[in-house]
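In the two complexes below, chain A is the common chain; its partner is chain B in one and chain C in the other.
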Partner chain A sequence: MSTSSSSPSSDEELIFNPNPIPKPIDDELTLASLTLTESNGNGSVGESDRYGGAGVVLEAEREGEREGPSSPSSSGYAGERGSSSEGTSNSRIGDEDDDGIQEVINDHDGFVDGVGDSSPSPSWVPGKRHVDEDDASISWRKRKKHFFILSHSGKPIYSRYGDEHKLAGFSATLQAIISFVENGKDRIKLVRAGKHQVVFLIKGPIYLVCISCTEESYESLRGQLELLYGQMILILTKSVNRCFEKNPKFDMTPLLGGTDVVFSSLIHSFNWNPATFLHAYTCLPLAYATRQAAGAVLQDVADSGVLFALLMCKCKVVSLVGAQKASLHPDDMLLLSNFVMSSESFRTSESFSPICLPRYNPTAFLYAYVHYFDADTYLMLLTTSSDAFYHLKDCRIRIEQVLLRSNVLSEVQRSMLEGGMRVEDLPVDPLPRSSMPHRLSQQRILTQSPEIFSESIVGIGGPTGLWHFIYRSIYLDQYVSSDFSPPISSPQQQKRLYRAYQKLYCSMHDKGIGPHKTQFRRDENYVLLCWVTQDFELYAAFDPLADKAVAIKTCNRVCQWVKDVENEIFLQGASPFSW
Partner chain B sequence: MPSRRRTLLKVIILGDSGVGKTSLMNQYVNKKFSNQYKATIGADFLTKEVQFEDRLFTLQIWDTAGQERFQSLGVAFYRGADCCVLVYDVNSMKSFDNLNNWREEFLIQASPSDPDNFPFVVLGNKIDVDGGNSRVVSEKKARAWCASKGNIPYFETSAKEGINVEEAFQCIAKNALKSGEEEEIYLPDTIDVGNSSQPRSSGCEC
Partner chain C sequence: MGLASASTATDGMQLCIFDLRRGQNEGQELDKILFFFPADLPFSTQLSVIGLSEGLITFTRIFSPEAACEVIEAERHSHVFYEAETDIWMVMVVEKGKDSDAIWRIDALRKVLKEVHSLFVMFYGSIRAMLEKDPSGGLIRSHLYPFIMDYLSDFPVGKKLQLPSFRDCLKERGTVQMLTMGREAAIEVQSLVSVLDSCAGNSSSYSMILFHDLLVSTTLSPDDTINLFTYAALRLSPNALSSGVNSWSYIRRGSTSSHFVSGSALTHSGPVSEQIYHSSDTSPVGNNINRVTRALQHGKWYKGKDGFLVTDIWGVVVGSLVCATPTVWLQQTEEAMYLCPYQFKSLTLILLIPVSSILNGEQGVALVKQQLLENASLKILKVEEKLSKGWGGENAYHVSGYRYLLVDGDRNISRASPPGKVTTLAKESLLALSKLRDEVDLEKSRAKRDNAGCEKDLEVSIRAKNNAWAVARITGGKELYMVLEKASETLLYASDAVEKFSNRYCNGAFSLD
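Entry: the complex of A and B
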């Protein structure tokens, strides 16, 4: 049976607000898995440790039916008959005891990012891996997090691992489960099977499924499926729905040809990019005047018929401007920059490509002019006119001239190298704001020799055991995250911290129980402190031995520090929602 | 990887329980046959790659349960099928008589755009049993029915002996493919900013 994923009892949880601790389980979810269990009669939903929704509906019944001990030969999951193609079908059983394990022991979740800058390092190989696998491979089954997209007729559209066509049987099984529940005038949301969660998202004729044993919450995984769907809409618009209406057997894989890399890069970013769960964007730290200069020239082109103009450096915003009344959602920015950054062809030449912003208008295309100024910095000009290429090219040339003249591009490069806010730099005794207008840049001068500096603080983190923080400005729809520094230095540690933040975010935003104002949580890894007000949300991680009163005091100092340098770390006066 | 376009075909196998749907599929995909009868529960799924006129296809075969109590799997189950295979047992008149019901049921549930030309294939299975002595449905009778339903291709098969199985599935693949030829044209819109009814993100209407 389904069990709640409440945190280990060893955790020390203290909440100093009137509301009780949110239990990370949703009544609705429990219902979903109950529905399934009941219809099967023997409740093997939660008992099955094997993944694969495959077993859930169909096999449960099978077990009730047979006299002898049943072998799992039904469903796309079965080793024996799960997915066979000529020449390979005989070796299935043997496979299971041999290889695959070592592969699995490695970091199969693919998190090997660079330290400090939160963006993929060259060591992360873009594109789909393990294409040779299918649902009969033990290595495939052991992967911690699968994502699938399929059509309502059960035809595979995308799988994170393995070849879609070889997984056709598995995809059919998923569709059968969804169809079975749908037939009972119900909708499947979640199946728990041992450590695994199978999360379903139904978007008209498109079905999205995540199978995960990462202990992320249902809300997080569902949010990730929503983004995956948004990414698909960004590439194709919702017009694909019409194709399915006219022809249910419509196969949309040809339309998505070559976009594997876009999806895999998005899935990878669930591990390292807090924008994926904060629904906010982040800016590259820059002097106020520099960002103003960039904004001014973007505003010029926006007045000449460009809907949105964005200047970005990797996944961070340098400046952005929208035409009157047009609003850009942070999720759209995330999906757009992921699309541009993951597609190699944008880097090599100026491009003009149809794209759809799912939060702006999911039904229709805009056109994006994309140009890279250097390896990391790129300009995106969005327009509604399909023949605006030459106009936008002229705009770009104008923008480039101004950016070069006002040294914006070199400032961007400098900021990239210098990094952002570091917990070690947290001012010990905040001075009145007026006397320290440019705190961030002044601090940089003091810490010119980073090697020596970071050596001296290994294992210590910032003052009072502060290891990391994220500050999200609600009004601006922006967040700022401190650079990673020891002891949160390995990619695995960073991923773990983000997952902990993610969980914290979900519990703070639980609509059923919240809203909460503060949460203090101690476990064997960290002390986590979250503070939500009308204006901001602060997420901070401390040494697990940190003192509570000191931690709260430190959080106040972080907030003051952010306020002191807000002109450098945020794009001011240009909230996407305030034009 | 610039891969050639691959096509996936959804093939649904229908027929009374015990006529040999699963055995046919197993013979085709795994080249195996078992005399032991195991009822299919709900559905089984198999995939098989086939080559046809130098193109590669993946057959996604939906082997359904024949028992009536599993018919609740419903509309969505049949949705988007490229071909439907109707199977009966040449030694059972009832299984032959029921072909009509299976065909009608499929057309109602799947509601294909052009029901008169939807590709079916009929297989008369178990021709090996008792050297053909227990046979009750003649080939002539079966062919006549197929002809009356718009010339449905007909094969006499033995899943046990592997007779005609390969040929039948070749035909299934060919027919499924034919029906998939007229693809929908994907015609997305472009945003017209002048259009005031355009949906916007929430939170900006102030």
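Entry: the complex of A and C
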């Protein structure tokens, strides 16, 4: 395999260099595409389909269609409550809180919003909603956030809403706009009209378009299109470009057939997962020793020819190890975990699946061995070798034994229940830097129940009106986000806050003149404070009436608090990431 | 036929006006074009700019029927849209990053479009009305072309168009700048205004008084005030008359001496412009092209012996040597008015008399002028004296340590640090504020759409990489933008500086307590 190089190699070289020697890419693509059409893979890989990542998974999806990421614990990401919020009152107060139809149709949001209140439409397809709509439907036009992928010849590849085939005409229009501007030796980026923004991203023969009235900034939406493209590359590798070179009218939809659920889950995560704009990952809070134990056993397997070994709980990292010099970009981790979590078949069997890490090497497949230890915790072992299944299976068995022996898995469960940092627990006086184990919270109340999400409980947040914070460590490429607590309780409020953070992030990291150092922003919803230094970035949200001086002091206390517990909330001493 | 290749030949800017109701049949597309700058671009290129614009207007209406395309951002160009009248669109295409100053604030560019259109309507009435008068389009084209070319000639630096860029982020087009005066002076002004009112008899005349380029008093509606104020500052004020020796005005940009546009592009008469813009020779209206009044023509206003400003732009009264008095249309009353400017030293008075109230034309106007001289001369003298005494010079509104722009959106008034002081700011500071204003512009337009009537309340302070603070405060319809380069490190210090400014100069409008 040609993919073991540690630095992401330039795709141009691999694609345009006619050198016939490193050929496997093309083969892999063919294989991947073949398995999509064949009913089953290679029996030699035990119960798992060898290329199930794109193949079998798709079948499995048909049962798991209504399955969002599983219910929330107090992990803080109430946005994860895809499926559980299905029946609850998704009362849409502010229309900015929802990607569904603006104002008009009372319908569910995000991940599961295809399920109508009462009558699921018979033509409903996994991961895709409102498939009966097309660009002539009023309801389709009123969706708050569309995503499209199309080929440079105007063939639809993916649409978040509606049936791609019915949208062929619309897709051709998008293509016409892009090529019209390209004929003028320019490249279109954005069209703004009233509340709406149309954002374009051109990636060789692949065009991505977002049409949104969600008030997110251009940079945010563009970043989301980049991730969407990355997700596609993760499934197919960039060598799909070659198909377009051979045949501009190449129809890509069969290659991606059934992966709707992966895309829709990613799109949903734009609403609740700060990793999508921070370009950092987050860890499950764990005692230092516990994480060390997990890291040690992962390191063992990494030394035996595994490129990356990741132990994750939902979208949070328990531990992560890379082979020498290999580094994993947080965006790749996000896309990989989204792929695994949204594909039901990974949950039910151990799988070995070709995947591509777009930031690591967009032109080559790696192979991912995926195994769930429990409903939320899963192991991913990545290798360059296509016949390493049995080796990785052995590795997994070894890892599992150690994890069980050292109680890591039960600690993970416990941490899931306990949650992470809560603003209410912000120490009044920063304690001296003792290493009190698990001092995230001093008086944890474990009786949190779903009522916390009802509006009736009016919380005041933490001291001095602190409602929430995100701390991003620049060296570690990790962030920690406080758990949500009242008054930021409903998913709508959480989404709104994330969007406010997103906007703040973009404003701070302006491409031309950024990054700025400090920003204070007060509007009718919040006081937001952002502080960017060489070591970290802090984003904090306060009551809109918060006092400036006190808010600044509180931010300092948050930073101290994070430092005090950094051994529990961050993965320390992982291989140096140097991208 | 690319947009880009075309624009590189033309200072990176294109401006077009087109009518969506025209030229809908194949082969008649050229009919849509009412104006295109630069006019010597091949028609295919002109049509491609308009085709893209039209396409995106249609496309965006699928999702946003109530507000069609406002801007297209491409890697190398920004296309700024403004629907001046129903189905009549103005689109400006600017090239980005061609030089280091080519960083634009979209809203500022749109205000240029709005301004030129408002001025046009003030002199000639709406574009639609003129199209209805002459459906061939010859009439409107022959009016738009010289008018906009004259307007653009106010943006030159050397041989280039210098459109408002990030360096102009402490200015607000479409607002008036007021003179602050003492109580005594205000009383004098008030009494002068009532004399002016009486000059034209009891008819509904209006007046406006300027001192240098600052507004002293107006009896016009806000929109008409902005238009006339803009025109006065461009062409009538003492600074404008002295042909741009001194250019500190908030409105006039740069020197007006280099009439590069009128000098080159306007007079160039390739077959293209002949065809489009001079076609009225054969049109039913049959007006000779020379008869089109070029209301914005440079260097055409003179101060007469009697103190009244005169121009021959509007021609000469038949059978005499008397210049015809210009007329303007008021937006509010939709009435045609005679425009009679009078100047004494730095004081400019503008009297607007309804055309309908004067039966015997120029004679009647002369009579009114005569009355004004008789009744108001003394008062004018007095007011000028009072205002001159209190006048602090072009840096009158400089506040040391601050670079600011204060906008009262409800009253369309702005005040800002003098341009000379703003140029002392670092490029990074200006860029930071310009970007911040971009963000605020978006928030404002959202707030406007979402809940009309409910005012946006916003406070943003950014410490940029160069340690300067860029500040924006929006409250109760008022906006304050500020750059503080020496405000030390802390947010509290910067906020304190803003607070002090607010208390001292804004009656505490932006103060928190």
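The definition used in the following text is that the second predicted complex is superposed on the first by the 428 of 579 C-alpha atoms of A that agree within 3 Å, B and C clash if a C-alpha of one lies under 4 Å from a C-alpha of the other, contacts with A are read in each partner's own complex, and residues count from 1 in each chain.
Just so it is clear, a residue touches a chain if its C-beta (ideal position, glycine included) is under 8 Å from a C-beta of that chain, and two chains touch if they have at least 3 such contacts.
Predicted model, so just to flag it, every value in this text is computed and none were measured.
Novice: A:E350 contacts which: chain B (first), chain C (second), both, neither?
Specialist: Once the two structures are laid over each other on A, A:E350 reaches no partner at all.
Novice: Taking the superposition as given, does A:F180 touch the first partner, chain B, the second, chain C, both, or neither?
Specialist: It touches chain B and chain C both.
Novice: Which partner does A:D300 reach: the first (chain B), the second (chain C), both, or neither?
Specialist: neither
Novice: Can A:L255 be said to touch chain B (first), chain C (second), both, or neither?
Specialist: After superposing on A, A:L255 lies in contact with chain B but is clear of chain C.
Novice: According to the stated criteria, A:E418 is in contact with first (chain B), second (chain C), both, or neither; which is it?
Specialist: After superposing on A, A:E418 lies clear of both chain B and chain C.
Novice: After lining up the shared chain so the two structures overlap, which partner does A:E226 touch, if you call chain B first and chain C second: first, second, both or neither?
Specialist: Touch status of A:E226: no partner.
Novice: Using the superposition on chain A described above, determine whether A:E400 touches chain B (first), chain C (second), both, or neither.
Specialist: It touches nothing on chain B or chain C.
Novice: Which of the two, chain B or chain C, is in touch with more residues of chain A?
Specialist: B
Novice: Based on the A-chain superposition described above, do chain B and chain C contact any of the same residues on chain A, and if so which?
Specialist: 173, 176, 180, 183
Novice: Using the touch definition from the top, list the residues of chain A that touch chain B in their complex.
Specialist: Touching chain B: residues 57-59, 61-62, 65-66, 74-76, 81, 83-86, 89, 151-156, 165-173, 175-176, 178-180, 182-183, 236-237, 239-240, 242-243, 246-251, 253-255, 257, 307, 325, 327, 329, 354, 356, 359-361, 363-367, 384, 386, 576-577, 579 of chain A.
Novice: Applying the document's contact rule, which stretches of chain B touch chain A when the two form their complex?
Specialist: Residues in contact with chain A: 5-8, 10, 26, 29-31, 38-49, 58, 60, 62, 72-77, 79-82, 110, 113, 180, 183-184, 186-193, 198-201, 203-204.
Novice: Give every residue of chain C touching chain A within the complex, in rising order.
Specialist: 1-5, 48, 51-52, 55-56, 59-64, 66-77, 103, 428, 431-432, 435-436, 439, 443, 446, 449, 456-465, 467, 491-492, 495
Novice: Tell me, which parts of chain A touch chain C in their complex?
Specialist: 135, 141, 173, 176-177, 180-181, 183-196, 198, 211, 213, 215, 218, 507, 510, 512-524, 548-549, 552
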